[in-house]
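Following this message is one structure expressed as structure tokens.
Going by the order they are written in, the chains are A, B, C and D; count residues from 1 in each one.
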Amino acid sequence: MSALLKKDWFGLGLVLIFGSILISLFKPAFISPFNLYVLMLSVSLMLVVAMSQMIIIAIGQMNLSVGAIGGLVAISFTGLMEVYSMSILPAVLIGLLIGLACGFINGYITVKTGISAFIITLATLYIFKGMNLGITEAQPFYEIPEAVKFFGNAKIFGPIPYLVIIPIIITVLMWILMNRTSLGRYMLAYGNNVQSSELIGISSTKIVIYAHVISGLLAAIGGMLVVCRLQLGTPNIGDSWLLPSFAAPVIGGAILAGGKVDVIATAFGVILVSIISQALVIFKIDPFFVQIFLGFMILLAVFINRYREYREERRTKVFSDE
Amino acid sequence: GHGVTKVALVPGGPHPYFAAWEQAGLDAVEDFGLGKADYRVPAEWDLSQQNELIESLVGQGYNAVLVFPGDAVGTNKILGELDDAGIPTAALAGCVEQPTQAKFCFGTDTGHSAYLGTKELIKALGGKGKIAHFTGFLVDPNTTLRINAVEQAVSEAGGGVEIIQVIADIDAYEPADEKINAFMAAQGSEVDGIVTTAWVPAVVAAQALTNMGDKRIKMVGIDHDEVVLKAIKDGYVHGTMLQNPYGQGYIGSYVMDKVRQGCEFKADAPWKSTAQTDQFIDSGTVFVDISDVDTYVMAMRGISLEILETFDSTYLNCPS
Amino acid sequence: MNNKIPNFVKTNQFGLLILVIVFICIFSFSTDGFTSRFNIYALSRVVALDIMIGLAMMVVILTGGLNLSLGALGVSAAMFGGWCMESMGIPISITIILVLAFGSFLGWINGFVTVRTGVHSFIVTLATMSIYFGFMTLLTEAEAFRKLPEAFTDFGSLKLFNKYISPLLIISVLTCFVLYYIFKYTDIGRKLIAAGANPDAAELSGISVDRMFIYCHMLSGFLAALAGIMLTARIGAAIPSMAGHLGFDWLLPAFLAPVLGGTLLSGGKVTVFGTMLGAILVTLINNGLYLIDVGEFWVRFFLGIILLGAVLLDRAREYFTVKNSIVS
Amino acid sequence: MSDYILELSNITKNFPGVKALDNANFKLKKKSIHALLGENGAGKSTLIKIITGVYNQNEGKLFLNNQEKSFSSPNEAMNAGISVVHQERNLIRRFSVGENLMLTNLPKNNLGLIDYNTVAKESKKWLDIMELDIDPNTIVSDLTVAKMQLCEIAKALSLESKILLLDEPTSSLSPQDTKNLFALLKRLVAEQDVSIVFVSHKLEEVFEICDEVTVLRDGKNACESEQITNLNRQKLVKLMIGRDEQIIKSKKNIDFTDESLLDLQSINTDLGHKNINLNLKKGEILGLYGLVGAGRTELIKCVLGLDKINSGQILLNNKEIKIKSPKDALEKYKIGYISEDRKKEGLILMHDVLSNAGITVWSNLKKILSFLNDSIVYNKVDPYVKQLEVKTPSYQQIVSNLSGGNQQKISVAKWLASGTDILFIDEPTVGIDIKTKSYLHELIIELSLKGTSIILITSDMPEMISLADRIITMKDFKVVGETINNHNYEEMSSSIMGNIHE
């Protein structure tokens, strides 16, 4: 029991359970199959995005370009299928490749120049988003193969959408990566203390590049999943990812200075954020109040999960010393 | 004596709605002998970015500016400065609020369009039912106009219609998808009609209804996104309020050239009035449903030609 | 010891200055309108605002934190100012004082919550961004204040120095000098920097770190409010959307200027003039790209490339100067 | 063929503004324990880092088993059979002890995933060898400083390398831990043919276990592979600092019946201190002895208002005071604290010497409108920095580029400058060379003669006995004894240890 209490996800799990019970007491529609389906969809998409940011938080950096990568891949993916009539599989592969390349660029420049990833990804955010706009001239692509549309819309059984499959696999893989592989442990070690881990013999180059490449790949997958969901490839995909991508890991106990992330708690963070924004709709909150509520709910969520860590977090900085 | 007219057509930011302006400008150059009529897009939806772009366009020698106001109030300042510098401007597609130095507003009366759309929805519902309204950023003054217009149309319906929910701030696809679907889950069985008054909510709501296969809920959208048009053809969406971006760009460029040649607006020009301005010319708003969704382009062209043909005689006093 | 290279050359500011000059040359020769009076005046106004926003972010980065609520705060303050002038008829000078106080107060909330709860300022300001913006929209019902005193709005379009320069730029540059003075030549400024660099050590050395952090947030609020007033004067009205949804439009310039200026993201270092030069550089590039006509859809792309180039060049300069200062 | 396992010849290493090593030579014989000595900043750690591939030398060669090698990363050195305990702590604080020990070579199961049971089992083995009673699943940040240091040594051992480099491994160990460690090191040399490089500032330790000595002074060899048998303490000190050592003893007469200046009365704290009573007389050096973890640092932090005092009172000049924060302590009551953890709490490493040395005096020096410039601060702190002979190229040097010892001097200098009445000094000479140590000792005595009252926390028994006027012993967050110091090492140490072990 006391071991459970120590877990980052435990407090959040309780909040989720009690919160859901409370909401469904007031609004039974909350646990209707269709609502669960909608909830799972929004969780699925954000999960991938949150993981993409989480792995960069793990090494104590930030990736401002997640959304830009996601958007670029989304429109490349649909563009290839619409303009070049490419079939789905190669389009997916090229999409992943673009994500990988973007991540590699971020990681490579960051580690080779020693400039903070915040700055590098701020610049690449402009570059990737600029390419996106330059290619599309702000026009969406509409010609999506039926199979893609089906994947984004159909249910496996009950309220469970096909779309959750990939995010769930990714979450499991991420858990294994962060908890059971040397690579993941080295990333966390690196995030904990860059100098120590270099002295231990961990190669910064490898760690940083791998983390960014994984982040790029996840952002790419996120972008393509959004295409499946929206059934069109608009240049705006990814524009709204940045804040939720940080909010979920941080609500899940991640420390922005690096070295501490928790995959399960991050997933719970995503669910919590989704439930909050859904609750705002379900309870018909006046649109003029929505922002205010959202702000207070974020603070509340973080308080609940953070209180016991008060001392550690008190003065951690976002960026470790360069 | 005024040199060639070089018109810049500047939207508020990158958005598919304005794409037709590009061709419209080129056609205007061809048809009316302008020097230039270029479609120039700010890199972001951001008032300051738009201002910066416009300022740099003046530096590049453009001498007339047609602008979709990044803000109905905020854009006035720069329009005034351009006017002081001898560069005529006009608001295109959406209006700026008076007092303004923009020569006129040529576009859609956003409030009126929402009002008409809601009327159409109420008609389709047979005068009673529960409706929801999905719209864009709250801080856009047009959003408030739309919310009020929808309320007004509902209040005129005489009690049979009720607005059960307004969802705003969904001008991005992903939050829109999340919120609209959450709404469908919670109120889908209760709601009878949906009116959307912004591009993204219209697309997402049309997509949601299509995905659900729901033909019971009546929806009236806005604009001409393919998703919305297809949903109309497939019967998931009742209709949409179309605007006339091509005509705006084409006729707007023409008028700017005339103004630069010294034409003045007639004192008794039959301006329309909107909540924002009383120097408004309607570029045409039409409601299309399944019956005319395939032919709306022709209908729009008809409206444009009609406006163009009578424009000089109706609005302008030109030096001979 | 080798001291052939003057100290100033070793700084980030020097690198930026060179870049600024290079870009001015490139744009003056390759475009028509760049040196026109209209363009320079327009640039001076844009730069003025970007400097102020950059400074407002810089003073929170100093603490090792971030202020995401910057834009929301600035707009809230500006709307408050609009309300004072239009609805309450309060004179301009008093309004300005009230607005700056109001901005500092919102900044104080950010600082107080951050310090007292131990939640990171990134999250606190993420939440207050929503809250401030939400309250602002709720209270104003998204209505703009546009019947502002003419003396006030005229100031925004005043042209000085042979009509080349906006007075707003002068305010910003003056602010830079004041901040520079504070950080370099006052006890309090030094304490702010020390607290940001190593809070634990500063605390044990008799500095009240919590108070310093709150001061930084208040200063940030103050500067954001000042930016809000300046923007109001420039557009002649206080508009809820003047910094975009949730004030987001301010965030990129807010980060770019200090970051290019050499402010350390981990805190404990400020570069006031670096931030100023950073803001100038970004504005120049943006403007130049529009003039050069790369096609607006590609502007962001090239802006990104140039930014990347600028930080890489700066790193190269640093490397070079360090290498040259090695004793042999 | 020589029987040197490791040989460095003519190594030069430059840092911006500093020549850390200047044509230095070093030879490590097989199966020997070789002491690497020198003042702070002499270049010892730099040499270690060159051997382990952290830095690349600018000039010179490195031979391993008579073959020329150059390591471009710590990994390569590790693979070549060199393991190291660096001067800085290098454990990953949020990881468990076991994982830290195994980190470079985490055991995998047949799926290729980390097997944490094996991690625990394997690491337990090395903890047992070190006679460390720690559960491998403990998170490192929950350990005391001493335990962390021991874990770090265990980690180095776990690589089973033939060359072991230990950079000040005993700096935070208790005498008992040190004794155990030495026994183990001797066993490794005898039984497993390991060769060890040992860096320390404690000469007793060097004489206890080392065979050969190399001394660095300003990056140059002051002696090279000298047999320990040819040296004595005096000679060694002379090699290191260029002159003889001075032994300092406080010869004051404190009237212990005087009124106390500072009085802690039945203090109970949040951290677990029980009924602490102690008083400090004017001009007295009150020693606070205890084994590491006795709660001394924590007591001081509670007094400074950083943690909560639940009951009891603090009297200053017989008046009850409430200290809310270190700022309060400094500005209202003229009480200062020199932290034991100079990197985290003592210094702002990224700032220059001047702002670190001046931080405590800014408030006092500020002029109208809070005006303050460098020269005002410089005038104030310069005498103290000079007095401590801080070795720095200039006041603009960034503190993190100074050697550990010089950093410590700066963190002392700033409190000297602030001119407090009461000074808490926590482990002032950890990692400090002999020369500086005696300066610091002199300084502490001089301060107290001038009327500053000092509470001195140190785990270094000789230091305690040579400096303190009265020694209070703490154990498990309680005061367990009080002795007036007669400066007789044998008597005092047995009486203190008697208090602890009673």
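Everything that follows uses one rule, which is that a residue touches a chain if its C-beta (ideal position, glycine included) is under 8 Å from a C-beta of that chain, and two chains touch if they have at least 3 such contacts.
Not measured: the values here are computed from a predicted model.
The chain pair with more C-beta contacts between its two chains, of C-D and A-C, is A-C.
Centre-to-centre separation of subunit A and subunit D, using mean CA positions: 43 Å. Chain geometry summary: the mean Cα position of subunit A and that of subunit C are 29 Å apart. Taking each chain's centre as the mean of its C-alpha atoms, subunit B lies 72 Å from subunit D. Across the assembly, subunit B contributes residues 14, 41, 43, 138, 169 that each touch 2 or more other chains. Residue positions 350 of subunit D are each in touch with at least two other chains.
Each of residues 130, 133, 137-138, 288, 290-291, 321 in subunit A touches at least two other chains. If you check each pair of chains against the touch rule, the ones that pass are A-B, A-C, A-D, B-C, C-D. Residues of subunit B touching subunit A in their complex: 14-16, 19, 41, 43, 138, 164-169, 172-175, 177-179, 181-188, 200, 203-204, 207, 211, 225-227.
Interface of subunit D with subunit C (complex): residues 14-19, 304, 306, 325-327, 329-331, 336-337, 339, 344-351, 355, 359-360, 362-363, 365-366, 369-373, 393, 414, 418.
Listing the residues of subunit A that touch subunit C in their complex gives 109, 113-116, 118-120, 122-131, 133-134, 137-138, 243, 246-247, 250, 256, 288-296, 298-299, 302-303, 306, 309-311, 313-322. Those residues of subunit A that touch subunit D in the complex are listed here as 176, 179-182, 185, 188-189, 192-193, 195-201, 203, 259-260, 321. Looking at the complex, you find that subunit C touches subunit B at residues 31-34, 36, 38-39, 42, 46, 49, 137, 141-144, 146, 153, 156-157, 234-237, 239-242, 244-245, 249, 286-287, 290-291, 293, 296-297, 299-300, 303.
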